[in-house]
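Quick notes on the structure that follows.
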Amino acid sequence: MTAPTRPPRLAGEGRYGKVVDAAAAMALFHDGAAMLFGGFGSIGTPPLLIDALLERGVRRLRIVGNDAGYPSHGVGRLIRAGQVEQAIVSHIGSNPIAIQQMNDGLLDVTFVPQGTLAERIRAGGAGLGGILTDVGEGTEVEEGKQVVEVDGRRYLLEPALRAPLGIVLADVGDEYGNLVYRGTARNFNPIVAMAADVVVAEVRTLVPAGELDPDRIHTPGAFVDYIVPGSPVPGGIPAPKT
Amino acid sequence: MTAPTRPPRLAGEGRYGKVVDAAAAMALFHDGAAMLFGGFGSIGTPPLLIDALLERGVRRLRIVGNDAGYPSHGVGRLIRAGQVEQAIVSHIGSNPIAIQQMNDGLLDVTFVPQGTLAERIRAGGAGLGGILTDVGEGTEVEEGKQVVEVDGRRYLLEPALRAPLGIVLADVGDEYGNLVYRGTARNFNPIVAMAADVVVAEVRTLVPAGELDPDRIHTPGAFVDYIVPGSPVPGGIPAPKT
Amino acid sequence: MDARELIARRAALLLEDGELVALGIGLPTLVGNHIPPERRVVLFAEDGIAGIGPRPAQGEEDVDLINAGGEPISRVPETAVFDSALAFALVRGGRLGTAVLGTMQVSDRGDIASWKAPGGPSPGMGGSMELAAKARRTLVLTRHRTRAGEPKIVERCDLPLTAPRAASVIVTELGLFQVTPQGLVLRERARAVSVDDVRAVTPCRVETDGPVVVMEDVLERGVGGTTDGRAEGGRV
Amino acid sequence: MDARELIARRAALLLEDGELVALGIGLPTLVGNHIPPERRVVLFAEDGIAGIGPRPAQGEEDVDLINAGGEPISRVPETAVFDSALAFALVRGGRLGTAVLGTMQVSDRGDIASWKAPGGPSPGMGGSMELAAKARRTLVLTRHRTRAGEPKIVERCDLPLTAPRAASVIVTELGLFQVTPQGLVLRERARAVSVDDVRAVTPCRVETDGPVVVMEDVLERGVGGTTDGRAEGGRV
């Protein structure tokens, strides 16, 4: 868990200075950077930011999120390009290149049960030290873990996860950074937005502050440091692996 | 923390058998019942269910929620009627009758810092054993608490909170139990809906399933056992205490 | 009726009206095709949705709506969307009624081993540990033996576990087994096999407790049959 | 200008453009009236809202929109509503820039004691512990002494603490103090008092470090003055 630090400040556009393009956001990323990412399988990972990371060629990324995407989608594209050194994920089953890199010792993968991973990220975002769960008891997941008793029941202590950087994809965002997700592209995005010191949100549609219904907002703008507008609506999704 | 149990089953109306009136819902409540409630100050606590608990005269209630309401609003009405034996809350400052009862030894009050209380309830709803927080360190809140170290930092272990019953107020609900809250009447309601074995949701407007936008739903219907329609829109709110 | 269809159809009848149900990848997915229409089963996927409708026609997919297996899905009247943390809060919090899962091995005490194949590293457990361990009831659907003829129901899993003591009911093409504290109880058998036939290909003790019903007869009657999987044995 | 107005106006100038800010009940609430319009400060309340506008005219209140003190509020362009768990996630997670709080006592190392008055039980701490301990910067606003003439800035709080080492800056009607590892540093004084006057009514060591500016001059200049409260001292 990284303690919250003050984000470096880019000069953005818009009423709150948060609106940047993907290329400008790259000033935040450096070789060896640790990054949380939203997304689940083929959807919910910001494509323009992945494009920019590919173009800039940022290397030795350490990434935390649900899975390794597909070779053609999400963080799978960074993995295919050899830009990822370490991944904390729940599975890499949809990305054969990631499996190959893991088997070849090129990609250091740590597997965490999906719900535990989501909750550890949320705990990081919520300023908590970790979570207490019995998922994984009686399996190799419990090996080496601290065990805590509460009211006579055993729980594994799974430490909170934060990262200096986080990238998310939303459907609509306003200039203050309030975000609305769409469908199951929501997935890990809201918790990633909570748990990174600097959050860059890519949005399909950017609106002025005040246009979103406050009751509909999924991620309050206070969690969001930068907004990258213009995310394309995908024309299709990859064939599922099964 | 109470382990999840199968809810007793009332015969409700509607496509999913979940729609009942407040009087019928009282079959779930008995003297000495433990109950989570939504609400913050004057708003967000279901008025028809409080009416019904008053009418039925359920006694020795043990309640868990943010505060003691006002003598005229929320759970404060149950406290005024002498129906509450025990309260786990963050404050009772808006209810002079609760303060009096506490001072007279009639109401057993446990104070929990508000954010810790919210998170303990959510942890109960999320099937976790408790939370790890440093809020309260160096204060009397830490007295008697289990201390856990994560990566060399100290945290208090605050156990998860669940209850057999939970009552919430939403603006709109559908027959499956999907709920949409309005404004700051949301407050503790979504986490209460997660953390009770049997959840009764009072709604102002009941709609057929399918009418709510799935992206707008705050509480999925799978958390909700019964829906009580017809909650009145309040005509005013009490004067603030300050 | 082929083996997979028999298993899927039989499992579908175990699902209860009003239940929230997660279907695993592969064979369990087929169960969705056989749920009796009068049962209002709400399907769940751990990427963050409750209320899953059929795969849309090609070209009509919603690019923002997939299940945990990455397949396009559609909405139904009950649909609510949420984030992945809330999805697993539902599961761990006890609101997931039934998980229907495949497996590599399952033991006679309900241990499930489904995430690490023999030899070679695993691609990860995904959400399988939570679904197996935390659903109120876990049904395991599996061919009775591997293609190589190895048993899948075993006395003790030698593969790494997904969750110990998790399965309540096991359905194969040969029978329906309830997992009890005393071990497996055969509740139903396929018409083509006898109880002894089942025992002959199952390398652990298989008890009976009352009549062993024919699975195909249960399908014809169209009701839940001899067990709802919530009896004493296994976690319910 | 009366004491409360001086304190509130001075504190308002400490708030930064773009910050998320929580204002406590009482004197801190007045700060909202004095924030320079060109600073886009977003006000937060722990019942679950970021982006709070002024109290609506009587009869125009939204029955579903109150702050943590129970007062009717209005929306602004930035407004987002969320549940109380997320509200405190924002606070503990480090996204609350500044908490502006009143207190009963505050010590020269920044200990805040605000929830239990002497004698008699307390009505509870509400959300005060989180705001005091977890804002990136905590400003304490207080009259310099109680009505009974007791000091509020003390060497050691004898009331139960809300949060240890939490205050970064203390503003009273006599001066603006920065809390540093070496104790209090007087950065500004009210025009009517000298540094020695301040020391005479403050029962702990009060250092100076460079010139001590006049608070009223800072108000006239309308800029943040000599400190933004984020220097070495105190938690920032």
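The letters A, B, C and D name the chains in turn, as written, and every chain counts its residues from 1.
Here, contacts are C-beta pairs under 8 Å (C-beta built on N, C-alpha and C of every residue); 3 or more make two chains touch, one makes a residue touch a chain.
Only a predicted model underlies this, so the values are computations on that prediction, with no experimental measurement involved.
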Approximate Å spacing (C-alpha centroids) for the pair chain B, chain D: 31
Centre-to-centre distance between chain D and chain C (centres being mean Cα positions), rounded to whole Å: 57
Multi-partner residues of chain A (each touching 2 or more other chains): 119, 122, 126-128, 133-134, 182-183, 186, 214-215
Junction residues of chain C - those touching two or more other chains: 49, 81-82, 85, 88, 91-92, 134
Touch-based graph of the chains, sorted into line, ring, star, complete or other: other
Chain-chain contacts as defined at top: A-B, A-C, A-D, B-C, B-D
Of all residues in chain A, those that touch chain B in their complex: 1, 119, 123, 126-134, 146, 148, 150-151, 153, 155, 157, 159-160, 180-183, 186, 214-216
Chain C to chain B touching residues, read off their complex: 18, 20, 40, 42, 44, 49-51, 75-82, 85-86, 88-96, 134, 136
Residue ranges of chain B touching chain C (in the complex, touch as defined): 4, 6, 15-17, 122, 124-128, 174, 176, 178, 194-195, 197, 208-210, 212, 214-215, 217, 220-223
Complex interface listing, chain D residues touching chain B: 25-26, 45-49, 61-72, 81-85, 87-88, 91-92, 120-130, 133-134, 160-165
For the chain A and chain C complex, residues of the former touching the latter: 40-43, 66-67, 89-94, 99, 102-103, 109, 111, 113-116, 118-119, 121-122, 133-141, 171, 182-191, 218, 233-238, 240-242
